[in-house]
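What follows is a pair of complexes built around chain A, which joins chain B in one and chain C in the other.
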Partner chain A sequence: MKSLLRGRLGTVAGFTLGAVLLLGVAPALLPAFNLGLLGKFLCFAIVAVGIGLAWGRGGMLTLGQGVFFGLGAYIMAMHMKLADASLFGGSGVPDFMSLYGSGEVPGWWEPFRSPAVTLLAVVLVPGLVALVLGFAIFKRRVKGAYFAILSQALAAAFAVFLIGQQATTGGSNGLNGFRSFFGFDLKDPNNKLMLYMIAAVVLLLSVAIARQLMHSRFGELLVAVRDQEERVRFLGYDPATVKTVIYVAAAVLAGVAGALFVPIVGIISPADVGVIPSIAFLIGVAIGGRGTLLGPVLGAVCVAAAQSSLSSTFPSFWVYFQGLLFVLVIGFMPGGLASLPALLGRRRRTPPEASDPVAPPDAPDPDVEERATKPEEVSR
Partner chain B sequence: MTTPTLLPDGEPQAGGWRRGRPKYLEVRNLSVSFDGFLAVDNVNLDVIQGDLRFLIGPNGAGKTTVIDAITGLVPATGSVNHTGTEILGRKVHKIARLGVGRTFQTASVFENLSVLQNLDIAAGSSRSPLQMLRRRKSVEPAVEEALEIIGLAGAADKKAGILAHGQKQWLEIGMLLVQNSDVLLLDEPIAGMSQDERGETGELLRRIAANRITLVIEHDMDFVREFATSVSVLAAGKVLSEGSVAQVQADKKVQDVYLGTAATEGQ
Partner chain C sequence: MRVSVTKRAFYSLAAAAMATVLAGCGSQIADPASAGSTASSGTSCVDTSGSSIKVGFINSLSGTMAISESTVFDSLSLAAEEINASGGVLGKQLEVISEDGASEPTKFAERAGKLIQQDCAAAVFGGWTSSSRKAMLPVFEANDALLFYPVQYEGLESSKNIFYTGATTNQQIIPALDYLAEQGTKSLFLVGSDYVFPRTANKIIQAYAAAKGIEVLGEEYAPLGSTEFSTIVNKVRDSKADAVFNTLNGDSNVAFFRQYRSVGLTADTIPVVSVSIAEEEVPGIGLDNVEGQLTAWDYYQTLDTPANKKFVAAFKSKFGTERVTSDPMEAAYTSLYLWKAIVEKAGSFEVDKVQAAADGVTFEAPEGLVTVNGENNHITKTPRIGKINAEGLIDTVWSSPAAVEPDPFLATYDWAKDLTK
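Entry: the complex of A and B
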């Protein structure tokens, strides 16, 4: 089984299976409403792929991915608002601006009238922000819990900023009421299906990119930086550069996910980008297994699905359940569900006292690595 | 250079095996102070290519701090010149790129990566971004050679974390070799090794040192006597004595502070 999963053939087979499930089976079986929900979960999964890289592989506890998700989402939402205003209102001024503001479009909105600029900005803005932040943070050797707190504070500040700008970002209402997406009517079921398909393809692509990053020399260096940042310096590498690269990659993935989230879900508000959603992004990754390729994807989808079904049944209960789940996984299974087969296999093979946490059962394989079995990892 | 070889033939000799000007490490007035305590006090050292220099001294003499200062880990004053380039005051990774490599008292390899991955990372600090984003398809000749030299060719795919202590030390030496450092600073490379392993490591150091600038911190006097071409004795942050093993052993000051029993015992 394991040898089948390895190798080129296994990879191609795995991706084909993923593509068939996401692009063929799911649209055929699921009703339109559920497909829309799945599309939303896939957006979270794209964020999770990035967190898997930055946290699982790079050891950076990114508690503020909501910032980059929000940047991508708001850029897309601004474009859609402007496009709607031109298409349906004629005035070119988004509805909420006439209600709460001066009725004039602020200058920094104008570039996003252009679809091309918007698509570029969705990738570039989160990437550049992460680049600047990353260099500032990592060159100063801020890491561990300090980095986590810093990134969370950014998410909090970003949400507060958005809430304060009622006239230009819609405040706590956010941006919503979209009617078209690059000229396509959002009410049309075919266009909804198309949006889902785009999300699925982007997810497959991001998994492919993450896989390449993990298996490349860079991926090996990243693990080295995660485990022994100081040692890497003596080999002639600057760990700040390595960490910034992966931080930017995670930010771009989050930004793209945000941009897809807006047309699929139909709203973006500060409640989707602040501290709580940023932590929610993380929980799926932790539960699925942050050190693996597919763990974050499956974890994110499962947690989002559980949230959407449980939170409607027990609205006040979900948050506690989520917190409990997080504590249990981090406390008892730091490698997430992905480490379960390896853990069970090891237990069966060796007596308990011989199960040295360092000793791996097999030759190293980045796909099934269960590095994250040490409790101290959590704070990184 | 055509095919890079990590080890030249022949014994180490001061001045190096290459023709032309040998490389050197010149340490002048190196001082390190921790909150007013002078851990390293105006140290002067000259190590020339081909020399297998041992740095000995009692605990707390500042031996490791000297290496920390040279490699940029702790701030220091004075001057460290590597064959015409001042390296003091630069960042750790820049110093490493200038050809100064080191090992640590407790072997610090990347335990979650394989032996091969460890060596490949050590060999790659000058790779281009494009090369970095590609998969490691083949084993570089230098890495292959290093695997043979350190005797870990059979364990290339094992995780470094499960290696025996001595093997980890060898892996670190192998990483230094593929890193292509001219200056090797080894901090107690044989600590915790068996007698046989010590002998092998000594032979390996001798071969490595033949065309490099090598400074080894060591406590084991038998090992020093057998393999050192020259010795510097450090005590309380100062260089107490310098010269061949015999010269240093004969030095009254050295006998007083450190060698005393060990020196007479060995004769």
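Entry: the complex of A and C
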């Protein structure tokens, strides 16, 4: 009970620290360009929170989060393209459509002229797609590698579809060249700061939601489904529903992240939503520690930051390095770097909660941590 | 009870966070009255005080385009080395900062932003695919910086922040069609990769063909990177077209030409005119498969000009005698020298002065004399049709009598009116 209380206080302290770092320290210290980069990493981190839930907690190896990320991103991009085209008495037709297409806005673009519809769609479209898919997949008890392959195929198909629709989705060029974001000038540095802040707040909120989910009865059920699906079924629960709910949550997080990515980065293209980016989302989560709350977030940010700084200096080396890191973590540390303190602690035969100087301040209490890291053998 | 403690903490945190956002940024509702009058966000940080000046190279050094783009990086490096050896630009040595575009448009946009905002490069050179250029264009416009883009492309674009030193459509595709028409070609089959350049090129070819009475017997696309061409190749054979116009890119060419040959088609039966195969690509496709086929470019390694002999010799001595030079490499090499010439005419590295001085600047390039057209920021080029010879190099079989003025929007062609309205 004492440890529980400590964990809870630690959580609040951890969130406060995170909020201060993200909303206060980072904007004050980082130059505009780096803050923009950090904003992009935070978008990846929001996706990672969802993957942490679906994969780390739910055991669903989602190799296709790029689809939901892309849905959110393209919806936002379509709205911004349409809004820009109507700016200052414009024709209302995005530039690339008159260049490569018929010069008319297709019907399925029209709803996204409305800011309200766009904001709703960013949440609802990925959520609904995941709901339909989730039910179709999990009701049939598709799981493990089959689910992973299915989700990856979906990402590949989505990217191919986007590339083929040059006149309506921008094809391989994607959508870019945005000037405004809900009426705000995107060139204005203060508005860039605002976008960063929104991403940071959304990340904090999504971590908070994930934390609540993890510690709820539903979260326990989710872990139970991951580890012993049949037993849960015999107990009278429907594992398909549990899985679908968390799959939808992960999809919504990815969609929101995509919608934030577009104004922050200024471009979305099929290369950002296909198989490779979908796997890249996963690598950060795996390296950080998929079963923990903050592991996916820190992993996603660190891997993206390392990629950004290392890939220019050693362009071909980075790919190997990333692959090697992935293999090492999966092979020797399935719980990710977040399990490092626990592993060391166990080796030293000291009670886990007494050791951990490196543990994130809001790491779940040790017994949860144990449960989160041990059953990897099962889900692998 | 426990729940309420946590919840309260979360809600208060969320509220605090929201308040921070609103307090920090709520006042910034900036909606410029017009794009032209208030667009002054480009605060240049280019440092011209020292004895060196920074320039950025942005090429894909990893990913699928690395094999092509690293050759452009090599020739840019050669040009920078030569310029530094001969005293630099306005007396300043070039300090090259190289970034990897990783074959992804988003990466190109991000890295271009870094070169401009963080490294403060006076000009940036590179890009290959249309998507990489389209991704970088708003970055260069928003920061009011300069990009020199060295690859032939689909036209229909002109930005005051981009100098295009590769061919636009009327310096490559239209001359190739003119050549085919001159040879008595009555029917064409179009094969391309499924992305913006082939689609736009084929739109132009269709319009040209309709105007000149050439029949287009088929228009087929394969996904980028596709290696399955048996259906397309059979369609080409059955169509009995006089020639194939090939806008396939990258690896697909290997599979296409191999399967083309396997159904008994050769340069003698149905010749293929390619616009994306240069000296660099021939060994990869296999000389056997493409010998005798036609290409359309503005530069070949075999060109007999003093500037080209010097360029080829310098390139081989720096990178090895087995290396070849190609059109995009030459255009990249030329782009750095053109920038030097423009800066020296302007007497300044400042973007607006460079833009103002660009019109009419010339350079004796390996492909011949090129002149910057200040109206659309493209350059004059001499279109040439080539035939791949037994050594894997390309011999010129037809050359435009004079350098062709760039016309990216095909405004001077009557039959193209409907394409660009």
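By definition in this document, the second predicted complex is superposed on the first by the 340 of 380 C-alpha atoms of A that agree within 3 Å, B and C clash if a C-alpha of one lies under 4 Å from a C-alpha of the other, contacts with A are read in each partner's own complex, and residues count from 1 in each chain.
FYI, a residue touches a chain if its C-beta (ideal position, glycine included) is under 8 Å from a C-beta of that chain, and two chains touch if they have at least 3 such contacts.
Since the model is a prediction, treat every value here as computed from it, not as a measurement.
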### Message
If we overlay the two complexes on their shared chain A, which of chain B and chain C does A:Ala208 touch? Say first, second, both or neither.
### Response
second
### Touched partner set for A:Gly236, first chain B, second chain C, both or neither
first
#### Entry: Touch count on chain A, higher of chain B and chain C
C
### Message
Under the stated touch criterion, which partner chain does A:Arg217 make contact with: chain B (first), chain C (second), both, or neither?
### Response
first
### Message
Applying the document's definition of touch, where does A:Ser172 land relative to chain B and chain C: first, second, both, or neither?
### Response
second
### Task
Answer with first, second, both or neither: which of chain B and chain C does A:Pro115 touch in the superposed model?
neither
### Query
Does chain B (first) or chain C (second) touch A:Asp188, or do both, or does neither?
second
### Task
Report for A:Phe88: first if it touches chain B alone, second if chain C alone, otherwise both or neither.
second
### Doubly contacted chain A residues - partners chain C and chain B
212
#### Entry: chain A residues within the chain C interface of the complex
4, 8, 11-12, 15-16, 19, 23-24, 27, 31-34, 36-37, 40, 88, 99-100, 160, 163-164, 166, 171-174, 176-180, 183-188, 190-191, 193-194, 197-198, 200-201, 204-205, 208, 212, 265-269, 271-272, 308, 311-312, 315-316, 318-319
#### Entry: chain B - residues contacting chain A, complex
71, 91-93, 96-97, 101-102, 104, 108, 110-114, 117-118, 120-122, 124-127, 131-136, 157-159, 161-162, 175, 179
### chain A-touching residues of chain C, taken from the complex the two chains share
2, 5-6, 9-10, 13-14, 16-18, 20-21, 24-25, 27-32, 34-35, 39, 41, 61-62, 66, 98-100, 102-106, 109-111, 113-114, 117-118, 129-131, 134-135, 137-139, 142, 156, 194-196, 199-200, 223-224
### chain B-facing residues of chain A, complex
212-213, 215-218, 220-221, 223-224, 227-228, 231-238, 358-360, 363-364, 369, 371
